[in-house]
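Pasting a structure here, questions to come.
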Amino acid sequence: MALKIALIGAGRIGKVHASAVMTAIPNATIVAVADYHLSSAQALADAYGIALATDRHLDAIHADGVDAVIIASSTDTHAPFIIDAAKANKHIFCEKPIAAQLDKIDAALAAVAEAGVQLQIGFNRRFDPTFARIKQAINEGAIGTPHLLHIISRDPAPPPVEYVKVSGGLFFDMTIHDFDMARFLFGEVEEIYASGGVLVNPAIGEAGDIDTAMVTLKFANGALGVIDNSRQAVYGYDQRVEAFGNGGSAGNVNLYPDAVTISNATRVERGSLPLNFFLERYMDSYRNELTAFVDAVQNGTPVPVNGNDGRVPVVMAMAAKKSLDENRPVRLSEIN
Amino acid sequence: MALKIALIGAGRIGKVHASAVMTAIPNATIVAVADYHLSSAQALADAYGIALATDRHLDAIHADGVDAVIIASSTDTHAPFIIDAAKANKHIFCEKPIAAQLDKIDAALAAVAEAGVQLQIGFNRRFDPTFARIKQAINEGAIGTPHLLHIISRDPAPPPVEYVKVSGGLFFDMTIHDFDMARFLFGEVEEIYASGGVLVNPAIGEAGDIDTAMVTLKFANGALGVIDNSRQAVYGYDQRVEAFGNGGSAGNVNLYPDAVTISNATRVERGSLPLNFFLERYMDSYRNELTAFVDAVQNGTPVPVNGNDGRVPVVMAMAAKKSLDENRPVRLSEIN
Amino acid sequence: MALKIALIGAGRIGKVHASAVMTAIPNATIVAVADYHLSSAQALADAYGIALATDRHLDAIHADGVDAVIIASSTDTHAPFIIDAAKANKHIFCEKPIAAQLDKIDAALAAVAEAGVQLQIGFNRRFDPTFARIKQAINEGAIGTPHLLHIISRDPAPPPVEYVKVSGGLFFDMTIHDFDMARFLFGEVEEIYASGGVLVNPAIGEAGDIDTAMVTLKFANGALGVIDNSRQAVYGYDQRVEAFGNGGSAGNVNLYPDAVTISNATRVERGSLPLNFFLERYMDSYRNELTAFVDAVQNGTPVPVNGNDGRVPVVMAMAAKKSLDENRPVRLSEIN
Amino acid sequence: MALKIALIGAGRIGKVHASAVMTAIPNATIVAVADYHLSSAQALADAYGIALATDRHLDAIHADGVDAVIIASSTDTHAPFIIDAAKANKHIFCEKPIAAQLDKIDAALAAVAEAGVQLQIGFNRRFDPTFARIKQAINEGAIGTPHLLHIISRDPAPPPVEYVKVSGGLFFDMTIHDFDMARFLFGEVEEIYASGGVLVNPAIGEAGDIDTAMVTLKFANGALGVIDNSRQAVYGYDQRVEAFGNGGSAGNVNLYPDAVTISNATRVERGSLPLNFFLERYMDSYRNELTAFVDAVQNGTPVPVNGNDGRVPVVMAMAAKKSLDENRPVRLSEIN
């Protein structure tokens, strides 16, 4: 029988999840949708024939027969809504980050533990076919023992400065995905050294943030890593990884909208720039992560990205921030 | 207002079209589905909340408010169903080929002309982002005046011999897509020389067909082309084009499920083989061709692949067959 | 002991051979150089410290201790000089083609046979690391049984019309390399169908030649091939092969002067165009073919490209010309 | 008139330089060769017809008509031989590093300054066509203002532990090339943070060195960089750079011995592994750096890699070592 899901949040990412569940995941269906703006909830409900639209998240959580909740509302609601859903004994899929403060995260995780429900965090990039293939290569021993990891993660264009002011900054809104990717591929990190600068837009610096960073990671297994971030890659969304070990390496190039090359008397060029928009670049990953969540819940197996996987990247972002502020390597144990 | 569509045929390709219309084309909806097997029609209707399921194609065509018909039933029904739909004054999207005989094609086209409806033929590859990009490059003058065209079109594995016996053979069931691609990119062909062999499976030869071909094309504009076909490319679905002119060239590589490269002490290899299944390789194109059809019908503009575009590749297949049989170049004017 | 060589012809290709022998082949040395222009011979002799410079080819052939002769003079002298060298009992390396007429070729081959010396023909592309790797892949069974062969061979710019008038035309001066490549990779050809046009330069047509061709090959083993020629590829020297069989394929991309990609807000492009000049593109092959010749002579093993390998491509060019003239497939047995 | 050169050192790299000068640089010639082992000097002199072979470097420096000296002897002799050559008023090309100690470097540079001769240091990678193309792209503004630099520099296999013991360690014998590359591409570095480990071979750790490193660079212009080193890349010599700025990026892939791809039912792979040996990978660069040196000396223009360019990478290696030892970022001003 199809898993019955309540969706909280009918904004951009909520729509992505709704489309995934309703058109691509046969063993799940959305039965209720809540949004602070009722009209948004109603529009999404109409589009997919969802029975209940509401502006009260608890009504959605407690709608008839609901097995699981997808939390896709604004970041500050993640932790309280996790707690509400856990108390209602629902399995939970929650967008990252759980919260920006460890105590809020820990409270949410405690509620989940007490309820004995499953919690999956929306680190979607793990489910991207390209990065999943690199992970598989590592697991299969294709690179041997991991030695070095490169993560290049550059956005096509900087967000509005207003966003930067509330997001927690580059390490919390952008690098956090890369911290997760680092753990996903090479395991736990023990120490971080972050360098950064304001090279893209001075207004970002005035807002107290950086827009360019190079973050060194020391892994528990002795491997070394680096994350290279920029708020602006003019040629498109630059998302690459290279994992290197004593047996070889696995890495990827960017994805393009076509597979064309054009040659003329002046140049040989690609038919297009790399995919520019994160929803295009990572569309498959959103469907895949929900498929994995639904399957885990239905089979009673552990979800692939759990609460701790949501917590540690926040710790890493804190360590990176401290490292940048103090210009010294910072151990994660200093944060926890 | 959304275009109301009757879908005839609820098999593999009918399902693809239903999914495209119901999940990705907001300005169209399917209101009736017909299939020779009523249970197939009913299942598809249930999946998408389609009001009418029937085993009688005329019931679907004449269902309330139907504006257009998608014909995705077996090949021998294409021409009569086109005539039925035209008589009912519905716009028509029909899978290729219209028919294997020119008189049947001409009768269907005459009915369409008399009714004044639009008819689009399902040469989906024109709407593949990669081949569309090559077409755009040619249109923009990126290669200058066309000189040479290569079309590589190899299936991952041969069809059952039973299929070969009824399909009309390689030129009619496989190369026909490439004949359309040749016209799409370089314009009309005047003469064809076909060579072929039975290199993949002797049973195909015993069934009177070939499984490997090299077909030379002489275009009206003086350009030359070649189509290279095989029923079996063990590494995957091999679909490539290279257009060359006095100003340059535009070509493509195959598409892969990931963008990964793995290196070890023995080799440097791709993370995966090329996409193997035509529905994966061309999924976007099915959605795009229907989007174009719906838009053309709603805007009253010409459809991008019309009845003549459905007829000429059949003529080309006939010329290729004659050329192969007689081992000499054959002009299309010999066929018409 | 180093093989002692007399070099006949101190023009462009003669200089290439001199450089290869004198700087890269330790077990050979040039002891005499002849050129119709004594000053050219003398200049080359001075550059490498060669003892004898002469304007009489026989003096070079008969210089003290000469073991072998490299013939790099104008095409019309190849056959007579082969005969002179054979009569002097010298092993011979001769640039292609031996001659444009079969009777002259046969006379030269008869002289070689009678003398019992070795004759290697300068089909240098067999020794290019890229094409040699494709040959190796075929030999190792990497593609299984050969089915289809594509040879793309396009010059960066057309030669002077004066050259076209005396060269014998495109099939004899350009495609002849591709005929050799076809035999090298897939074995003997039985039938040829050639189509061609004058698309690059009308003056080439007025001189009685074509500048663009698409040549279909039927191999004795049942495989099919196509050679695609143009006198003008504005982006550089376009030299590619794809060999396809029931076990896979082996093919190459063009070579570039650097391995750089540059991305900006408008495009992603290669750092340079492909190598443009045949001496750059094939430099390694000239050294490798002479190394192979010297080794074969010193070891008494058969040379890798013998007299018959020099004869057959001329037959193929004749068949292609006849096919073009008569617009029908021509069997090689019609020529021989 | 050709520049007359004395070559000191007839070992592996001395032979490379001799070959470059004698076969590829027409406006220079070697007139004397010295080596501690006279037989080595004599063998090289014989191979190229060099008049003088000696085991006394001063005899070579003072040989008749010598304009310039190439120092390719062991590292500990570089500084004293530079001083000897400068005192003799000869222009100097010297292999890197000048010395492992700053006082020795400074003494050598002072001698050069006093004599008013030119000194070029053998950072050959600047002259590699691929890295030179990236530099050109930066100079032309193709990437805009530099923001981030990645240098991947991995040897195919670790050197003997005995070498590590005397080389000064990874930062001095290997990363030093990358420090030069960083300055070449992005300008001066102000601060370095180095992390490292012994992941390849424990014996290297026992010898007091590391075999794996990730080195963060802060440039004076605000850009950030990272150098990724490993003593062992099993797939070959891994030499890549990516320069990223506000206008785009320029980077390279590795170089291969052929341009072939092979596909079968299991995989799609390159025809070969990347070039494995530094002399193969960088052969062109050795010729190009000497060509530039000879041209600069003959034209009286500044050499492209001067004494200061030889000194600063040693300072950077010292800073990296200090950073690794103290696990903190180290400013170059702490060293100087």
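Worth pointing out:
As written, the chains take the letters A, B, C and D, and residue 1 is the first residue of each chain.
The criterion applied here is as follows: a contact is a pair of C-beta atoms (placed from the backbone, for glycine too) under 8 Å apart; a residue touches a chain by one contact, two chains touch by 3 or more.
This is a predicted model, so every value here is computed, not measured.
In summary, the chains found to touch both chain B and chain D are A, C. Of all chains, D has its CA centroid at the greatest distance from the CA centroid of chain B.
For the touching copies chain C and chain D, the fraction of interface residue numbers used by both exceeds half; the interface is of the same-residue type. Computed centre separation for the pair chain A/chain C is 57 angstrom, with centres defined by C-alpha atoms.
Centres computed as Cα averages put chain C at a distance of 39 Å from chain D.
Spacing of chain B relative to chain C, judged by their CA centroids, is 42 angstrom. Shared contact sites, meaning residues of chain D that touch two or more other chains, fall at 234-235, 247-249, 263-265.
On the side of chain B, the complex with chain D involves touching residues 234-235, 263-270, 273-274. Looking at the complex, you find that chain A touches chain D at residues 144-145, 147-148, 150, 152, 154, 193, 195-197, 199-200, 212-214, 216, 218, 222-226, 228, 230, 232-235, 238, 244, 246-249, 327-329. Interface residues of chain C, counted against chain D in their complex, comprise 19, 23, 49, 129-130, 132-134, 137, 142-143, 247-255, 257-265, 271-272.
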